[in-house]
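For reference, the structure I am asking about is given below.
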Amino acid sequence: MARPSGRRAEQLRPVKITRHYTVHAEGSVLVEFGDTKVICTASVEPGVPRFLRGSGQGWVTAEYGMLPRSTGSRMGREAARGKQGGRTQEIQRLIGRSLRAAVDLKKLGEVTITVDCDVIQADGGTRTAAITGACVALVDALNHLQRKKSLKADPLNCMVAAVSVGIYNGEPVLDLDYAEDSSAETDMNVVMTSAGGFIEVQGTAEAAPFSADEMTAMMALAQKGIADLVRVQQMALAQG
Amino acid sequence: MARPSGRRAEQLRPVKITRHYTVHAEGSVLVEFGDTKVICTASVEPGVPRFLRGSGQGWVTAEYGMLPRSTGSRMGREAARGKQGGRTQEIQRLIGRSLRAAVDLKKLGEVTITVDCDVIQADGGTRTAAITGACVALVDALNHLQRKKSLKADPLNCMVAAVSVGIYNGEPVLDLDYAEDSSAETDMNVVMTSAGGFIEVQGTAEAAPFSADEMTAMMALAQKGIADLVRVQQMALAQG
Amino acid sequence: MARPSGRRAEQLRPVKITRHYTVHAEGSVLVEFGDTKVICTASVEPGVPRFLRGSGQGWVTAEYGMLPRSTGSRMGREAARGKQGGRTQEIQRLIGRSLRAAVDLKKLGEVTITVDCDVIQADGGTRTAAITGACVALVDALNHLQRKKSLKADPLNCMVAAVSVGIYNGEPVLDLDYAEDSSAETDMNVVMTSAGGFIEVQGTAEAAPFSADEMTAMMALAQKGIADLVRVQQMALAQG
Amino acid sequence: MARPSGRRAEQLRPVKITRHYTVHAEGSVLVEFGDTKVICTASVEPGVPRFLRGSGQGWVTAEYGMLPRSTGSRMGREAARGKQGGRTQEIQRLIGRSLRAAVDLKKLGEVTITVDCDVIQADGGTRTAAITGACVALVDALNHLQRKKSLKADPLNCMVAAVSVGIYNGEPVLDLDYAEDSSAETDMNVVMTSAGGFIEVQGTAEAAPFSADEMTAMMALAQKGIADLVRVQQMALAQG
Amino acid sequence: MARPSGRRAEQLRPVKITRHYTVHAEGSVLVEFGDTKVICTASVEPGVPRFLRGSGQGWVTAEYGMLPRSTGSRMGREAARGKQGGRTQEIQRLIGRSLRAAVDLKKLGEVTITVDCDVIQADGGTRTAAITGACVALVDALNHLQRKKSLKADPLNCMVAAVSVGIYNGEPVLDLDYAEDSSAETDMNVVMTSAGGFIEVQGTAEAAPFSADEMTAMMALAQKGIADLVRVQQMALAQG
Amino acid sequence: MARPSGRRAEQLRPVKITRHYTVHAEGSVLVEFGDTKVICTASVEPGVPRFLRGSGQGWVTAEYGMLPRSTGSRMGREAARGKQGGRTQEIQRLIGRSLRAAVDLKKLGEVTITVDCDVIQADGGTRTAAITGACVALVDALNHLQRKKSLKADPLNCMVAAVSVGIYNGEPVLDLDYAEDSSAETDMNVVMTSAGGFIEVQGTAEAAPFSADEMTAMMALAQKGIADLVRVQQMALAQG
């Protein structure tokens, strides 16, 4: 088997995280997984959703969008169609849940951090790139709050990163690009903490059902990939 | 550890599948997982979505809804709010993908089968009950097409069923009811074929990340539960 | 003239009212007028709409829906289309007005009771079945409030029931089923109190205008039918 | 009892029908029932809705709106709120059904006539004024088609007019204005043909149920009022 | 060159302003620019939008609509389509900004005046007629507030009026009607104060770009036309 | 007077146009006017809107959006709110009209080019930057069609560029940034062709009306600025 990109089965695409990408947001990151590029901005706003008011607890949420021509053929603009599609909602719910696993909301106080993940170029794996970049933007926003002395304790539990694994041409591979994704037998997104715990596992058999052994092999690849991604996150954050 | 219902860790709730539940649909099933009750109707309509026209291939899709007072406190009616929420869309996409795994769309011909899953009473696990019941309604709709001589070959690949597993009070358990679901550390929905292959795995750490060992234990429970559910499906279908 | 069902002109379909049909709602009824089956749940919630706040007065309102395949051919789901159609709005406004005639809103206090009427199987007369069943669900909700000592006085003015009458093949008939309804010359829905007063009269000439004499004949049939329906309601409520 | 306007119980408000009110529409009428003023325009367009295509039959439909400040306090604009309310939909369905009773759709051919009824000033009875004026605009549109030789036979069955009746201060009255309407015990809208047949009867008990005798008295008032309105329609049409 | 209407290049259509056109609004004007007829009603309501609460300052805003058959062929009703089109929003934003230039919002106090401009007949220039009429309705609403002693000082800065200019058949002309507008090379809307200052200039080259000299010529025509319109406004207001 | 940025009155911000910014679109440009950054992608699709079908003519249209945190404080996402605001619609209509002035639609053939302008960072002048960048993306898309031999003749009439001018602290200035824009007395957007013709002029008095002399001064600044911008466009296009 050869991957279209020539990568080895357990090899990530080149991953690049650029902090301070735009000037206004409290956290702003451009994350690239190969040709997949996502702008992740973390915005800090006072107050929390109604169900948390008075609880002393904060909230972290995410929104996701794709520029209409981030993809090979132009997609209709969701704002023009008047609603976000099911895929968009599924992805932004996933990103939000993942980020909340990284943060102790009680230590955050009654503040909402919204992380917008906007795909400017897509080549497979936009949701995993988004989570991986969004976590760095979130950390920058938390640092911003700490510099402003708005926090008593550091709310960061751990880093969170995400990667896709799948069965392509009968073999388990890591970090599928679009060429692989569109013809893979199985596609699975895995979100993990920097401490090695699982946050989300979402696997779908596209063509044929997958076996428990394939599942095990994919999980191992994911663990390897997440460890690599966490190192890239930490290097980006080390550059202050 | 004791489960609130007194069930053993690997024990399903009482499962009941009533066929021919309403009179108009080509397939109509009431599925009960304990106190969770879902009406699943399969409707056969000529024609396929635009992206399949002229392909000779059919389509299977699903819609999901909850009656406003199927739950402990009344939820707003989605039709009145003017849109389906993200959770609804996520679930109906999952049901649709799962059912398509059961069917060879090429053998179906240019026909669309829509399976409506409407929850009339909810006690946890509505999506897994819906998939399990919907598959039986789908089989009845396929049988209807065969009786009408509309099919050249049987499009049914296999049965598909679904169950939830989770970590409750630190232990892996099967088929969580609402009392368990609302305080579980991890909740995972697993869709499998009657042949033992995985179709979908969707696990979420609600409270704490889960480990690879917990993952393995949950997968084993799911395999056991699915085998039980497939037997209930087959018994229901055997009653003609 | 023979009615398709073989019924006499002044004969209702078999009417059945099942209380406590689902477990969560304060009032929950399955009402059946022959093959027409509607789930009516009454939900009690604190507070009232803005225009009543501070008035000390309560509110009773209704929502109506049909499962997509409650009918002979599948209807689009209103939640998916993003709005409730004109027929739905007309019916739920009718149900709400009818139920408010049964209740002294001042004695209710600042509480809202929402009655959801969801048709799971349709064979004509869904709105009249809904009103007749909804009133029983409403009484159960009021009883729930009385058991909780939330009411100082009984807010129930009277029972309310509804039935259709029409001109079918030139003759006035009671309680039209779908076969009659779809070819009737005139269709009229009548809502009355258990004390014999009229709450709503809505008659439409479908094919030819109707005369004052036909109107009189239909009103007499309606009075007879309502008296029968009130007896069924009272028997159901007597069973505690 | 005295009516606020000093009218006798069976007396209409001054009714005025101005044809050719605006220049573009095939039929354009300003109808006034006292201070209630409605612009009714009939637009002829080729083609019919999907369910009639190829049937050789035409269609007549209506839309209804109120200018935001046609009423005592400003109402939100439905276009700005993004949907037509339930009352609007109920009224435009009623107008459409009423007008279709006036026309033999088969003789119309595959043409759609849309009658827009826009209330520029409201003082009670906007729907009955709208129907009464809309019928005249419809006749002008049919005349336009006849002058263009687009019709083989005259599709007009009869004229249609509408009036409200009610119980005000315990007595039956004709053509309620806003002062009466807002405190009437019962409000009933009646649509009839020029030949004396009933098309629609819609009565609602606002405060107390009404009796069969009150119903009879209201129907007699309505018959008298409709006869008067048909004379006004015919005089307007006679002026060419 | 001859204008289709036979007007001279710098000649307005007959302009007519009828005050107190409807009875409910604090200001109500029918404005006619030839065959273009717009009802402008100014409604006074307590309170201001959220961004002004507590500022002591008032707000003036506008909404715009066209009756479906105000035009040569029927347009879909925006309320039925579920949203206001881009042109509508553009025009109502323009009217609102123009009117706010006429008023010292600080002197108005925390009150909102909404001016609804509804076109009942269109023949080009609906937005300029709307602004010109709306300003008179606004003045009547301010007078209403003064009569009620709700204002400490007169908030009216100046009158505001609007007119279109364009290049038609190569020559600059004033106040284009539909016949001119639909084939003009350039169309420009100009809003000015009674003191001769510019509030808005919106020019669009429809066919060919326009030159600086054409721009200058159009501006001169606009200044002349606005002066004429302000005289008509003042005469209308003088009639008390 | 000093401009906040220290620029001279007739000085543009640093302008940068990066072609081939993303990989999928037929034309893709990042345009920067100082800190304002807009991604403009031109997408070529077969077919034209309904009103042009069969005309042999093409269509050019534009859509505009802002990333939620492109601005100082986060704006709600239009896709999430379910509609595009009035400002967005106004801007995308302006961009579309401007681009259509650059192209001979008859020479384009029945093809639609959609230019998406998405602001990733805003500092005033997003619509003028968008038009200036979009025109370059459009030229790249036309070049793509020519390389594919899809065009018989070059449809490009001229280049189109846009710039803002205004009155800031009493003096006319070119290319306002956010600090100037938010406190300017007048703000005007001017779109011109590379041949010096005017396409659009949109001026708004924010604080005080502007005079004819100020208008003349602003027009002169705009002509100067546009000439500079056309040079930057041409240099970018020269780099192949």
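Observations, loosely collected:
The letters A, B, C, D, E and F name the chains in turn, as written, and every chain counts its residues from 1.
Everything below uses one rule, namely that contacts are C-beta pairs under 8 Å (C-beta built on N, C-alpha and C of every residue); 3 or more make two chains touch, one makes a residue touch a chain.
Keep in mind the model is a prediction, meaning the values are calculated, not measured.
Counted as hops between touching chains, the shortest connection from chain D to chain E is 1.
Annotation of chain A and chain B: not jointly contacted by any chain, touch as defined at the top. Distance between Cα centroids is largest for the pairing of chain E with B. Averaging Cα atoms per chain gives one point for each, and the point farthest from that of chain D is the centre of A.
To fit its Cα atoms onto chain E, chain B must turn through 180 degrees, a value rounded to the nearest 5. Comparing D-E with the candidates B-C, A-B or E-F, the pair whose contacts agree for more than half of the residue-numbered pairs is B-C.
Each chain gets a centre from the mean of its Cα atoms; for chain D and chain F, those two points are 50 Å apart. The mean-CA centres of chain C and chain F are about 59 angstrom from one another, to the nearest whole unit. Chain D has its Cα centroid 28 Å from the Cα centroid of chain C. Residues of chain E in contact with at least two other chains: 82-83. If you walk the ring beginning with chain D and heading to chain E next, you pass the chains as D, E, F, A, B, C.
For chain D in complex with chain C, the residues that touch the partner chain are 83, 85-87, 89-90, 92-93, 97, 101, 188, 192-193, 195, 197-205, 208-212, 215-216, 219, 223.
Across the interface of their complex, chain C is touched by residues 22-25, 28, 35, 37, 39, 41, 43, 45, 63, 65, 67-74, 77-80, 82-84, 88, 114, 116, 118, 120-122 of chain B.
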